[in-house]
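One structure follows; several queries about it will come next.
Chain naming follows the written order as A, B and C, and within any one chain the residues start at number 1.
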Amino acid sequence: MMMRSAYEVFRKDVHSEFRTRYAMNALIMFVIVALSIILFSIGDESVTPGVLSGILWVIIFFSGMSGLSRSFVSEEERGTVLTLQLLTEPSAVYAGKLLFNLILTVSLNLFIAVMYVLLVQQFVVQSPAIFWVTILLGSAGIAAAATILAAIIAKANTKGTLYPVLAFPIMLPLLLTVMNATRLATEGAPFSEAAGEFQVLVAYTVVVIAVSVILFDFVWKD
Amino acid sequence: MTNAVLKADQLSKDFNRRKIFSAISFDAASGSSLAVTGRNGSGKSTLAKILCGVLTPTSGTAVLSIDGNAISPERLHRHVGLVSPYVQMYDEFTGIENLRLAISIRGIVRKNDRQLRDLLQQFGIDDRRNDDVRTYSSGMKQRLKYAAALLHEPELLVLDEPTSNLDEQGIAAVRDVMSRQKESGILIIATNDRDDLRYADRQVTVEGEHT
Amino acid sequence: MIRSTTGKALLSIWLTLVIVAGLAMPMVPVPRTWYELPWIPGLEQKARIILFHVPMAWVTLVAFISAMVYGIQFLKTKNLDYDLKSVNAAGLGTVFCILATVTGSIWAKFNWGSFWNWDPRETSIFILLLIYGAYFALRSSIEGAEKRAALSAAYSIIAGVTAPFFIFVMPRIMSGLHPGAKGDEGGAAPVAQLHMPPNMLVVFFASLLGFTMLYVWLFSVRMRISKLEEHH
């Protein structure tokens, strides 16, 4: 019953996104602009794989920050929070929004990663398995943290600027881990060497979702 | 007809450390209606939200029981309908899509398009069912809110400013809803309108407190 | 709570003794008497920092955790007094966090050659500073005391459960300069008191206790000020 309702909340957000394209258009443009700036500034310089791994996640972090708050902020801005509260229980709203952000983050980050690999010549992925698993697990962690923080900032006055400020210290353990795993991927490390990184990513995602489920009631209801 | 009882016990609500109201107690059973009155800013809308379970009171309890079983807060939305200026429909969807959305997210009653159109017809907006809500006038939005609040035939219907933005035809449809709800379930109206008050058996006055 | 004049007097005498002892106990190559500390080549007089810097970092952590615990209590009870406690703990935590960062940084300049090295513990305290900053930025942008209390409590809890991940993440990423970091004997101990001689250990724990009591006293003063402001 709850899962069904969560899925319907998710479907509503997907339909709404296709109608309005609030998040998608802005996000795709953001990625293109960010990549262009990186490409211009790298030019002919030779850059180490470690730095390039870092830059990739900087793009991913800020693109997430520009799009992932949308699903909660739009409910708050349009005054549909009360409507949704009257339709279903908080946990269903949380699960639906989490699913939406999860799918948005994974597809956006796959897009960013593909573009990055194609356009940044010096960024050579030698262990594709490590790289793509890192992108997927990293996306899940980002979506998990971004969703509960979006629910929080939706109630604040300065939403746009506050979001990365709140998110950075929360996501830093995740970002350091994925940057390190990406560096391993560029160095051609065997898959087993990144196992520790993957464990951290999975644990992080699970812990953040668990605590979000508990906290969401307090955040969602006035 | 199910037998629903709403029991409010010593409800109070603070905002920013100030009391909006305190010690509100009453009970209402199926087949009765109650008006909540009080001047502007006294907290009528706040009380309406608390009764619907979408706002937590600072102290006190509001419990809806159906056939003697108290409904838990996370299931309350299945038995409650609210029409309020604070409730908004989704702008980017059409009228009938908003109703379908509400049905699928709530997930307890199924209604086919025929039934949805009957409901829209009842409020005179069936001909505009395929237009986006953003093109609706405020009166039409108010009518759509009624259709949405009645979808699941709630035992408790709470109307905050029931006739605001409505023309005569709209008001007639709302009066019709009020008379039927007070027969079949519990009707609560938050209003100061004399004509609306005629539909209430009793009155509770919310005294806003100033400190 | 230290409210009485005696308490205040005791605390100031205690901290004076700690400071005098920490600064004045002579350092000699081979300590013979109870008041002599060992002279460690490479650290020399700079070793004294551990007696003050570590207690400051400790208080930062105590304040961080108590702000979170008060936040949890607020969510449980909806009593705004807990929010007041939470914000006062966080405010003091920020002050001690800045003190610990500055003292550590000055010491790093003289011992490691630069003010900032992104060593794991420097990074950790920097993140704590960021969390405190974010916490207050969030608070200032929410209207309504109840909502502000609930959301900032939620944020402090999220920060509280994600911050421990640094313990796993840091050692994989950077090698440390602090004692107790990767590669150093003593492993990942929170503080490096393991090699201290007994008399230094006594001063160290006396300082730890003194600073903790200082925090408790400042906290009670701030709580009384907040209560007075509330009733103006």
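Keep in mind that, in the parts below, a residue touches a chain if its C-beta (ideal position, glycine included) is under 8 Å from a C-beta of that chain, and two chains touch if they have at least 3 such contacts.
For clarity, every value in this text was computed on a predicted model and none was experimentally measured.
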Core chain by centroid distance, with centroids computed from Cα atoms only: A
Top-ranked pair of chains - ranking by C-beta pairs in contact: A-C
Centre-of-Cα separation between chain C and chain A, whole angstrom: 32
Whole-Å separation of chain centres (CA-atom averages), chain A against chain B: 37
Interchain centroid distance [CA atoms averaged], chain B/chain C, Å: 52
Junction residues of chain A - those touching two or more other chains: 222
Residues within chain C bordering two or more other chains: 143
Where chain B touches two or more other chains at once, by residue number: 56
Complex contact set, residues of chain B against chain A: 49, 52, 54-56, 74-75, 77, 80-82, 84, 86-93, 101-102, 104-107, 148
Contact set on chain A toward chain B in their complex: 1, 4-5, 8-9, 11-12, 15-16, 19-20, 78-80, 82-92, 221-222
Interface residues, chain C side, partner chain A - complex: 75, 127, 130-131, 133-134, 137-138, 141-143, 147, 150-151, 153-155, 157-159, 161-163, 165-166, 168-170, 172-173
Residue ranges of chain C in contact with chain B within the complex: 78, 80, 143-146, 230
List of chain A residues in touch with chain C within their complex: 145, 148-149, 152-153, 155-158, 162, 165-166, 168-174, 176-177, 180, 196-197, 200, 203-204, 207-208, 211-212, 215, 218-219, 222
